[in-house]
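Please find one structure pasted underneath; my questions will follow.
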Amino acid sequence: MTAFEFLQGYSAYILLVVVFAIGLYGMMMKQNLIKKIMGMSIVQSSVILFFIVSAYKEGATVSVLDPALGLENPDLYLNPLPHTLMLTAIVVAVVTLGVSFALVIMIHKRYKTLHEPTLLELMK
Amino acid sequence: MKAIRILALAAFSAVMMVAVVHLPPKGDPHSPANRVENVLKGPVAGAYYIQNSYPDAKTPNMVTVILADYRGFDTLGETVVVFAGGVACLYLLRRRTA
Amino acid sequence: MNEVTRDIVLRRHMEGPIVSPIVHVCIRGLVPFIQIVGLYVYFHGHYSPGGGFQGGVLMAASIILLRMSLGLADSQAVMPNRLPIPLAAVGALIYAGTGLFAMVAGGSYLDYGFLPIPGLEPAMLRNLGILMIELGVTLCVMSTIISIYDNLLGS
Amino acid sequence: MLPWLIEIILFTVLIVAALVALGLRNLLAAVVTLSIFSFMSASIMVKLGAIDVAFTEAVVGAGAVGVINILAILLTSRKSAD
Amino acid sequence: MSDSNLPLLIPFIFLLAALFVPLAGSIRRWASQPLAVIACLASLGCSLAGLQRVFTSGTMRHYLAGWQPPIGIEFVFDPLAAIFCVLLTGVGALVLIYSGPIAVQEIMGKRIGFYSLAMLLLAGLTGMVVTGDLFNLYVFLEISALASYALVAIGDHRAPLSSFRYLTLGTVGACFYLMGLAFLFMTTGTLNMGEMARMLPLVNQQPQVVIGIVLILLGAGLKMALFPLHTWLPDAYTNASSPATALIAPIGTKVAVYMMIRVLIITGFPPIIAAISWVAAIGIIAGSILAISQTNLKRMLAYSSVANIGYIVLGVTLANPLAFIGAVLHILNHALMKAVLFMAAGGIFNKMGTLDISQLRGLPKKMPITTAAFLIAVFSMVGIPPTGGFFSKIYLIFGAIEASAWVFVAAILISTILNFFYFFRVIDFSFFKPYTKSDPAREQAGETMKMDEMSPSMLLTTLILSAAIVVVGVYNGELVDQFIARAVPGF
């Protein structure tokens, strides 16, 4: 395998691992709760993109039946299974986000701040 | 403390990258998830869906057929997750306590 | 935007309409089109990208636009505040009920081929079953997103 | 070669958007940047042929989540200490 | 409807009930609790029928929508799943009956929400137990997780922040799980557990498979609060309302352990688990030591949960039949014990108004029956025969001896002593600390302290569960021979 082929095949995965790490960085290092939620949604997006990249086939078309291509050769269509799974995962991510904002609003109503160290101080 | 966290994160990403470069490359039509027959000579789900979704449900969009029929229970679970989120927000944020 | 302006914006948002006529006219023009697109996305999910979830989110977006321009109080006529959660339950029930119907008729759970509608071959029954459950998903998603918006705003 | 380059450019914008969103102290700006992140991931999905998922991601990431996000920020505070 | 529908019905009844409880509750508010209890009992009936059928005629499978496994989703109802289902629905039903009076007092306005979320939680947990598909497992995981975040957040004023930390860590756990699943899916091309178990030996020892398994175990570890990843658990359990804690604490983390067991069975107990048993052993000791230094009763019980998860994970990862039996028996015991302890703690908080351990004097006089139930659970926690805890620890120790892992034997024994210490503090303060002469007002209060027990339904359910602890202990031989030994996978 030449270096270029390697890059073509794996650059997407490697960059997605970087995105995953950025999201984790946001969750671990940032002290504002909304920033933490942003990090969380970045992590979720990276996992979703990871599945989508895995479904890609070179030279294949969108997974909607094209009468001109027929159904005999599966190599002509993208793998629809990861797409389906990730539709579910996106929905789950959105709902988790909604619930986390509800919690953030509850916290802000009680303590008037979203800075985590201050909150832990106030909770004592 | 901060340095330890960043080091842990860096180590984690390095390990992940080692794993990632052993996966089948992007766009490979013969990777285990994309091919027609698996190592046990059984059908692979992805190719089966492509070949049979139109005859089974007369619906050209394969993703819809998988979503609603082949893996319909996932979507029921998804609907219930959505419902759970709505119930959670309602009861967490409701102002009147009665 | 300082604290005071934010309070004014939010209070207006919750109690009365936004005064600007431009916003009113634009949103009144937009909402029906968004709803038609939402319905199209739901019905056309069989032939093109789309389906219950996307259609539901679009429908919810149209109602959220109304909430934004008219205020929470005046947009009650379109979607009353207490309706979303029962509607979401009804949506999920449509889904679960379709599956249960197929199970009672002799198949597995969610096996639409066994739906007791005469005169249709199993493939068409599956087509119909998919449409049914997508309706449930649309209802559930639409009302839940509206409910989350309402609750965040009204808290 | 060219499709790969397009993909790399999209990924670069994605990563930059993620970093900027986490770095900004003005939360409203961060939310808008996060919408860019979401839109870029939808573009990558289109590039990879996942039209259904891209549609959902665009509707949700730029629409519903953006609205809920901005609403939450208006209801809480707009500034972040880091 | 044929018999093979039983595994479907167990989570499905909860799903339906979760939809009906808010509807019924908005019409008649009192109707929410009976409906939830009825659903739970119906599901318990299905679980018992399924248990009976599994142990007479073998594993049951239900193909959803009629599609065979690699194409569709299947539900697998094997002996282990049957035991877990009975445990979940049984404990759930009793806790829901218990929660009636206390929910009125603690979370009056949010009762309907509590019961609908409880139904969703149980639906998610039982679904995770019966499903045979790895992605379906993720969906159910998220249902149960969302419900438990919301249940934790309905509590005192610190609850939302605890719930937020639980939410972020839980979501990261779910993302780790999904990432690991992506690795396994891309290597094998299937999501079905049975098929993956047959395919993984062909690709074993490749780095992406090993790291995928590690990621999944990391996700499960975050969900079950294994020692270094436990940071969300004490806050969440302490700040949630009493009925919510009594519901989540016994069963919530156990299902994550079940998930781990399933993944380990699929992957054929890879060598990496030796590292996890060391982590678990450290967790046993650290959890016990942290528990000693707590002053709040619920917080102390939460740390003891961390230690007990260590026992269970140690038993699973020792990878021999005796230790596995010990782990399953300990899951059973620990669910019962923690249910009794948290239910009693809820009653104590309700009547005494505090959970500070040093304020508990006069407890036996005030609430004798609750104290008796509490003591039975404490004996089981420490491991005094004939309670169940003794036997599960014996099995774990024998398992460790069989694996020649003397360090782990020592860890279990040391932690038993530590267990004794931290529970002795509670007993000491409630039984033996006299009312000092220097504080006449308190002495007066102590002498006039009337018996003031929990309401009958709470008392009855607590007693049933504490009787169950003794029953599990006395009949442990039959239990292991008849049920648990047949759920042991091949090692």
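As written, the chains take the letters A, B, C, D and E, and residue 1 is the first residue of each chain.
Simple rule for what comes next: contacts are C-beta pairs under 8 Å (C-beta built on N, C-alpha and C of every residue); 3 or more make two chains touch, one makes a residue touch a chain.
Quantities reported herein were computed from a predicted structural model and do not represent experimental measurements.
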item: Touching subunit A and also subunit E, the following chains; value: B, C
item: Most distant chain from subunit A by Cα centroid; value: E
item: Far-end chain from subunit B, centres as C-alpha averages; value: E
item: Geometric centre distance via CA averages, subunit D-subunit C, whole Å; value: 24
item: Interchain centroid distance [CA atoms averaged], subunit C/subunit E, Å; value: 36
item: Separation of subunit A from subunit B, taking each centre as the mean of its C-alpha atoms, in whole Å; value: 11
item: Per-residue multi-chain contacts in subunit A, two or more chains; value: 8, 12, 18, 20, 24-25, 29, 53-56, 60, 63-64, 82-83, 85, 87-88, 91-92, 95-96, 98-99, 101-106
item: Set of subunit E residues in contact with two or more other chains; value: 15, 19, 22, 64-65, 135, 139, 142, 146, 149-150, 153, 160, 185-186
item: Of all residues in subunit D, the ones touching two or more other chains; value: 51-52, 56, 60, 64, 68, 71-72, 75
item: Residues on subunit A engaged by subunit C in the complex (per definition of touch); value: 64, 87, 91, 95, 98, 101-102, 105-106, 109
item: Residues on subunit C engaged by subunit E in the complex (per definition of touch); value: 82, 85-86, 89, 92-93, 96, 103-104, 107-113
item: Subunit C-facing residues of subunit D, complex; value: 51-52, 54-56, 59-60, 63-64, 67-68, 71-72, 74-75, 78
item: Touching residues (chain side subunit C, partner subunit D) in the complex; value: 1, 6, 9-10, 49-51, 53-54, 57-58, 60-61, 64, 145, 148-149, 152-153, 155
item: In the complex with subunit E, residue positions of subunit A that touch it; value: 20, 24, 27, 33, 36-37, 40, 43-44, 47, 50-51, 54, 82, 85, 88-89, 92, 95-96, 99-100, 103-104, 106-107, 110, 119, 123
